[in-house]
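Chains here go by letter, A, B and C, matching the order in which they are written, and residues are numbered from 1 within each.
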Amino acid sequence: MEKDNILEVKDLHIDIKMMEGTLTPVRGVNFEIKRGETLGLVGESGCGKSITCKSILAINDKKCYPHGEIMFRNEDDSEVDILKMDPKGKEIRNIRGKQISMIFQEPMVAFSPMYTIGNQINECTLLHITKDKKKAKEISMEVMRKVGIANVEKRYNQYPHEFSGGMLQRALIAMALVCNPKLLIADEPTTALDVTIQAQILELMKELQKEFNMAILFITHDLGVVARMCDRVAVMYLGKVVETGDSKTIYANPQHPYTRGLMGSVHKIGGRKDERLFSIEGTVPLAMNLPKQCGFYDRCDARIEGLCDKAEPELVETEPGHKIACFACNNPACQKHRQEVEARLKEEEARGPVEEGGKKRGKR
Amino acid sequence: MEENKLIAFFKRDLVQYIIRRVLMFIPTLLLISILVFFVIQLPPGDYVSAHIAALATEGELVDADYAASMRADYGLDLPVWQQYIKWVKDIIWTPTDSAYYRLYHSHHNWKYSFAYGRDVWSVVNDRLGLTIGVTAIIMLFQYLVSIPIAVYASTHQYSAGDYISAIIGFLGTAIPNFILAIVLMYLSYKWTGNANVGLFTQEMLQNGIHLYNFGDFLKRMIIPIVVIGTSGTCGIIRSVRAQMLDEVAKQYTLTARAKGVSEGKIIMKYCFRAAINPTVSGLGGVLSSLFSGSTVTAMVLNMQIQGPVLYKALQSQDMYLAGAIVMIQAVLVVIGVLFSDIALAFLDPRIRYSGGNR
Amino acid sequence: MAKKKSKEDYYLASQWTLMARKLKKHKLAQASFIILAFLYISALFADFLAPYSLDEFDGLYRNSAPTKIYTIFEDEHVGPHVYKLTKTIDKKTFEVALEPDLSEYYKIEWFVHGSKYKILGLVPCDLHLFGVGEGSKGGTGAKVFLFGADSLGRDIFSRVLLGARISLSIPFASAIISFFLGIAIGSVSGYFGGVLDMIIQRIIEVIGAVPQIPLWMALSAAIPAGISTVKMYFYMTIILSFINWTGMARVVRGKFLSLKNEDYVMAARISGVSTWKIIWKHLVPGFMSYLIVSLTLGIPGSIVGETSMSYLGLGIKSPATSWGVLLQEASSVTDVAANPHKLIPIIFVTITVLAFNFLGDGMRDAADPYK
């Protein structure tokens, strides 16, 4: 694990056992987060971004079986693998809420309607910071003030249904920040909110990030939000990261056909009036019994017949910090990868049965 | 200053809700009394002729004058609606100078029961305490047994225990109470040589229940508890389990888990707390089914509660007594509903807020 | 292509077809349906299936246990047969006991002539499915009591079958009455709303608050003494419907509240369709499946009600019989302990109630479009 990184996700796979078979929404995801930086995880609905995040806290559904490695730099600077922990055990519970916390998409249902907001925020304080009830309440109220909730003394004793959506999201952020975590996972935190409130919440998160010096893993399908918030971006498609790098680089020069498609589907101020928005044809296929080909093959406008439908490209570094998984991209690293794979395919074809190739792939 | 405090008190949501709920109790009570009066009027012929017929079977002949004076006393010569008003008025307040008061020293005239030869209220009152007591014990048992089972079944969904509780639950709700009573009585007689019928032994009736015979009393409560309690218990298990499963799947459990809250606390603090609400609001229904179930069962098991009294009253068409029993039970159920609604308002902040206008 | 066709069928299928299709997957509900159909058909032809009529009795067979059926007579296979019972007296204890008289056998025969009845109340007939024939030595008077006899020496098997006619049909008839009553009152309440709705809701609440069985019992006081069986039957049906309609009305009202502002209702109203026609033609068919489900789930309660009341002597009375009347025989523990066969009618009540519950549950799942 590199010194700067606080989290490294390595070759993460998640299987969901179902009656109809095994679903694999995550098929080998790799990314890392450095101290204090913001990483945006971008992709369509169903590409596996939410489930990836949940597995970082090991709060996935029982039916999910993650494997791979999720390395986290613990309090004492030691490295721990979250996937090796008992998801109900003490060790992981000491990480949850205290060192990694999470804010959810829909603030309206993220709080229990049965308890006051204060009670639910304070629960976190009492668990991780102090057992002293008076002190805990002070800490919780202080954080509530920080996230911009006015009249905290009154608000502390109110119930979720007495809050507006934006206020609830602030409360949810307060709950996530109360223990001063090193990493905040924000799972589409503004999707359910009005546009004006969205902007406020994003500003708030930026300010708080500076103040608390924490890293943020920002999950979204909104590229505008990414441009505004993130230092780096990882684009996910069908359970894999297809392109990752500095957000500036990627915005200026998107390379992967999928990333290009995503960028093309965003309104630009000053764009031509008669210009039609670009849309990617088709839908994300179901991640079950996937054929051995590039996941984007069916929808790609740059696909190479005879190659993209026979093998899956891997992430290769095209320039420092910028990685792409595509055979069709016109840069030396990708072309080199393409040639390697083509050579291997030819070799396998010469050797005979296709099954062997499958086995070989499996070993990798 | 004091006055302001008082006003503030009445302005609180919860207080307003409770006041509104209590006020709604009055029209309900009125409707119940109309229903019961309807039941009293049902038998062909009037009450006095039934009374006279009952006297005649005992060889006592009644002259026409006496019958006429009785009719006047009961207001049977009035139009029906006036009879109703008189009946309600007599129950609410009978003046001190009335014949009834001089006889029974009570301001609440529930009329006379010829089946028992006493005023109706004293007959009802005899067993009221015991009826409520037995019902309360069974109800307590129901909740004590069913809720832990339901929580277990929901946290261990599709486990063997879950299936077993589901099967027993289905049988429990489907088998009629009194049939279960007959079968258990038979089995008890077969295995122990004692049917354990009746709540008390002769000895208990004479000396009262003390520590030394309390065990025997409990033994006699087993069959009633099982018989009357089973169907309700199974119903509660099914609904609490379903409710728990709903709650466990909700987003806020995930939030709590992400905070680092332990699994046990998530279940108890969050899921159970929310799942228990519908159970609390179902209290009235449970009470109603307990009274319903206990009526026939009490006759099979010869329990000293109100069921057999109602039966005797109906057999001899002693309608004021029968009506009084039905009325008391209905009122108890409505009071139960009232309590559960108020309890729910305390438990569920959303109801307090919306004032119960769900 | 075929696959596409079936998919198309699925989208075009009516609510009923879909329900039937889903019900086919529900094995327990299916089994319950078959059992109920069997019970109802048996009840319909009870006169034929039962070897004896309601008023046939044999004093000798009082409280006798189910008749044993033998196949071998004096080491020879003669087919199913029974023996006549004779009274024996123990010389020491003077206890009377019934012993089979092994000297003569009576074959059980198919289609024997017995008491007269009318098939479905129309065609006179005296044929019974089975019965005891003449004795091997020409004797008469042997009986076959499959479930034993009651305290008057009547065949419990025949009486269970004949009683099923009342026990199974009263709840059914009352369910249908409450069905129409519930739809009528519920739709008025839901469609018109306002004060009328308020009053109806309070009435439903109050009827719901009164414990069912005590109320049923109290209502039974309205039944005049010494009336004919037909009238009795009619009264019982009315009494049971008195409570059951409330549940149906509540379902209907709820559905109306959610449906009455739908566009298609509005459209019908604007084009001048009468209110009743809107209710019956446009609204009710929309939730008929739910009503059928709650109808099915309401029947077990009525069965228990009829059985309990008849058991207490407040409902059907002798000489007519129902399962509740049969269970009166089982009210004394000592009697039951000596003659456990008197508990047999319990099995029928329980099976019927369970079957209706399972069927209703299966139908509820099938009617739920989200399952």
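Please note the rule applied: a contact is a pair of C-beta atoms (placed from the backbone, for glycine too) under 8 Å apart; a residue touches a chain by one contact, two chains touch by 3 or more.
Since we're looking at a predicted model, the values are computed, not measured.
Participant: Using only alpha carbons, which chain's centroid is the nearest to the whole structure's centroid?
Facilitator: The most central chain, going by mean C-alpha position, is B.
Participant: Taking CA centroids for every chain, report which one is farthest away from subunit C.
Facilitator: Following the centroid criterion, the farthest chain would be A.
Participant: Indicate the whole-number Å distance between the mean C-alpha point of subunit B and the mean C-alpha point of subunit C.
Facilitator: 29
Participant: How many angstrom lie between the centres of subunit A and subunit B, each centre taken as the mean Cα position?
Facilitator: 56
Participant: Whole-Å distance, subunit A centre to subunit C centre, using C-alpha means?
Facilitator: 61
Participant: Would you mind listing the residues of subunit B that make contact with two or more other chains?
Facilitator: Touching at least two other chains: none.
Participant: Touching residues of subunit B toward subunit A in the complex: what are they?
Facilitator: Per the stated touch rule, the residues are 250-252, 254-263, 269-270, 273-274, 348-350, 353.
Participant: Name, in rising order, each residue of subunit A that touches subunit B in their complex.
Facilitator: Contacts found on subunit A: 54, 57, 59, 88, 93-98, 101-102, 104, 106, 109-115, 123-124, 127-128, 159, 161-162, 172, 175.
Participant: Can you check the complex and tell me which residues of subunit C touch subunit B?
Facilitator: Against subunit B, subunit C makes touches at 202-203, 205-215, 217-222, 224, 300, 303-304, 307-308, 311-314, 327, 330-331, 333-334, 336-337, 340, 343, 346, 349-350, 353-354, 357.
Participant: What part of subunit B is in contact with subunit C in the complex they form?
Facilitator: Where subunit B meets subunit C, its residues are 27-28, 31-32, 35, 39, 42-44, 170-171, 173-179, 182-183, 185-186, 189-190, 195, 197, 284-285, 288-289, 291-293, 295-296, 299-300, 307, 310-311, 314-315, 317, 319, 322-323, 325-326, 329-330, 333-334, 337.
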